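Structures incoming, each one as structure tokens.
Consider the two complexes below, in which chain A is the common component and chain B and chain C are the respective partners.
After this line comes the complex of A and B, so read on.
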């Protein structure tokens, strides 16, 4: 279960980010405080997600979609508001982040799952089904640097979904991987919904959102523009996009 | 303090990070893991060739003296040096999912500790070959290692946190480490220093750890208690300062990475 109440996140953008003592000292003696521009990445977001619901998040680049995911996963502590999240979170993170190219597939499974907070015993238990789902058994003792990006994506998806999360966070990662694996992944996400896993899903692919989500959130400049059932939000969003391109 | 139980719950990650460090460092080299032992040996050889003529008469067991100094110094310096960029190097992960961030600098010090344990092998071989008798104080070794470990973690947390806000810290710390090494009585006796510097030496934590290490290994003439008190105070001080600096800034780190 996820509950956000009046959540706001503020980024402080330093104009010409010079992060050195020198610049700091010079500015200090000049009496010049570094110019800071405050950007509200999220503003007063309130939202409730029950167990088993899956929320699609749409909006333009920079609308705050990824920031919202970061707030839910606990990476960012919001400047204001209350965040309540119950359950184990598995983020489908970008491929480069949790993997090490020098290590083998097997070693990376252990590394990645421990990043998600699992103990060795738990990983031992899941190991076979992760390899099974990724269909990479023949390559499991090969260093990851010899994998294709599609293979890495498969491994990443398999780990994040085999670990039985309560909340799954997907940030535009289904874009990689071949069509067949994409289908397989979609099936698995739908299966999760039946099992009661809560899903947060950021994508620019409206078809995917429609087929996978029970609710859609449209963010614009960090605020909620619309929140509702997929059909109506997506059609409004589509109109806006057309209006935007005509203007 | 609430992060400590969290780190314990992530102990599998800590283990995997240390294993990765060890595996990666030697994966591409022909001699592989042997380098853990060769590295301090070769360094000892260099010091020996240059300085043995000067200091051999004032220092008993010169080879053991230098070797002990080197591996204790490396335990401290390598761990903290790598840790200075711990948050920057792991920014992708820190940006994407929640974990106790301090696990990264801590794992760097833990890797260094693992290296230290293997480097003990050539040290003991050298001691046996040079006919140096091992002291009964050796039973205290785990405590001394614990002290320098705690001290190093404190420094790592401080340096890695400051680095996020000022990248200059990486370079400052590197230079500082070099000066620190020459000032830690690794290959010379403290008695050659002028009195003023000798006093300053008593404020050098690493000097106390190195001396304690030598006292543990073979030198029964050293004042163990005095160095132990200094070492313990510095370890607690360093750890507390590092922990406070890290905790005061940990929520801000994400915005500066």
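After this line comes the complex of A and C, so read on.
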């Protein structure tokens, strides 16, 4: 379902962040070539995920977790290696992306699901269950700018999971909803695993990872530090965190 | 995810275009009126400057102006807005894998719709000047809409892509469209251009397009020899624009 072989991602970080013509020109006359720092966001990552497996991805900030999700969803091309992904992907995107604050909840469902890759007919069929699961029926004709961030997260989660994806990508979004909705979401993710949906899950909440994932990947500086069953990887990671805080 | 159906892309473009329209009109009550107020105000200013003060020898000058200004407005709105298309959707581009060109198509379509909605205003002015719409419009409007769409798309997709790498494009574009406006026979007619410059100005891909619109609206004529260069231009422009986009596309998520 998802197969990565020796995948590496390189970011070229330009020291001068502003991409202006003037800056280029000045630097050119000063004889300064643009300073480019190469950062390997991912290095030689190989992993296989079968249908129904759910992978938790952990690691420090900047370890390459989000980059890995981007590679799987096809947003960035790796500098090396082979990426094979089969199936419809539903990324649970961060709150603001794919939604428009001026549009109502209803209009946003169509907007968001269209971007995720579903036709109008498909969305028509799913519309009611999206609203049902999000519990936002009373607000569905209210512009999104009047929603709380928790409500938007609920809508986002409902869309991404109702459209029957083959692969679900979750980047830290569960943190937003209230406890009640979080429980409901977890149940749904577990249901998904039974249905054969592959899930990629980035979180800093180890309890969540333990309860939701069948496999855990620990990334450090873009490399695989450990890949295995949740219990052992998380306990090693915990030890590392303690060692780090003591040092 | 490369082999999505055509139906899906059609739906996505419709949803995105609707979004643009809704957002635009939700913010202001007078939404539609604003979109025609701008070219009408410009027409008034040019009328005072060129007809009243400089006494330009063109008959029905108001009608002459708006039949060029309205389609021009579509071009300049789309092109001036194009630097923001990808930059403004950064979070989306970084998270979801979809054909990014649909964002540009939706913006250009949206400005095209505004132009179509302004055609009734042209009709009103025709009647004021004692003229009538012609049956040729039924064929001419779709043909010219398609041609202009392709031209505008070519410019927009190139500019919106390049802008991710050189943010200064935004300012350059504004100067470019302003200069182009005066180098296109909109406030003057093509036969007023001195002979030695005429071919130069008619080389401008927008010249033949704007002249064709005006001839269609004012005289009910669609001159095929005039549109052939238009076809060639639009094809070349769109190809170049799309080529630039394809070259840069895979780096979008990195630079945003």
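Basically, the second predicted complex is superposed on the first by the 247 of 247 C-alpha atoms of A that agree within 3 Å, B and C clash if a C-alpha of one lies under 4 Å from a C-alpha of the other, contacts with A are read in each partner's own complex, and residues count from 1 in each chain.
Definition applied: contacts are C-beta pairs under 8 Å (C-beta built on N, C-alpha and C of every residue); 3 or more make two chains touch, one makes a residue touch a chain.
Bear in mind the structure is a predicted one, so any value in this text is a computation, not a measurement.
A.B. asks: Are chain B and chain C a fit on chain A, or do they clash, once the structures share the same frame?
C.D. replies: Pair status: clash.
A.B. asks: Just to be sure I read the superposition right, which of the two partners does A:110 touch: chain B = first, chain C = second, or both, or neither?
C.D. replies: In the superposed model, A:110 contacts both chain B and chain C.
A.B. asks: A:88 in the overlay: touching chain B, chain C, both, or neither? Say first, second, both or neither.
C.D. replies: Second partner only.
A.B. asks: Would you check which partner chain A:74 touches, where first means chain B only, second means chain C only, and both and neither mean what they say?
C.D. replies: A:74: touches chain B and chain C.
A.B. asks: Is A:22 touching anything from chain B or chain C once the two structures are fitted on A? First, second, both or neither.
C.D. replies: The answer is both, since A:22 touches chain B and chain C.
A.B. asks: Could you look at A:98 and tell me whether it touches chain B, chain C, both or neither (first, second, both, neither)?
C.D. replies: both
A.B. asks: Under the contact definition given at the top, report the residues of chain A touching chain B in one complex and chain C in the other.
C.D. replies: 11-12, 19-22, 70, 73-77, 89, 91, 93-94, 96-98, 100, 102-103, 107, 110-111, 114-120.
A.B. asks: What does chain A use to touch chain C in their complex?
C.D. replies: Residues of chain A touching chain C: 11-12, 18-22, 70, 73-77, 85, 88-89, 91, 93-94, 96-98, 100, 102-103, 107, 110-111, 114-121, 143.
A.B. asks: Across the complex, what residues on chain C touch chain A?
C.D. replies: My answer: residues 1, 4-5, 7-8, 11-12, 14-16, 18-19, 22-23, 26-27, 91-98, 165-168, 250, 253-255.
A.B. asks: In their complex, what parts of chain B are in touch with chain A?
C.D. replies: Residues 9-13, 15-17, 20, 23-24, 27, 92-99, 165-168, 251, 254-256.
A.B. asks: Can you list the residues on chain A that touch chain B in the complex?
C.D. replies: 11-12, 19-22, 24, 70, 73-77, 89, 91, 93-94, 96-98, 100, 102-103, 107, 110-111, 114-120, 123
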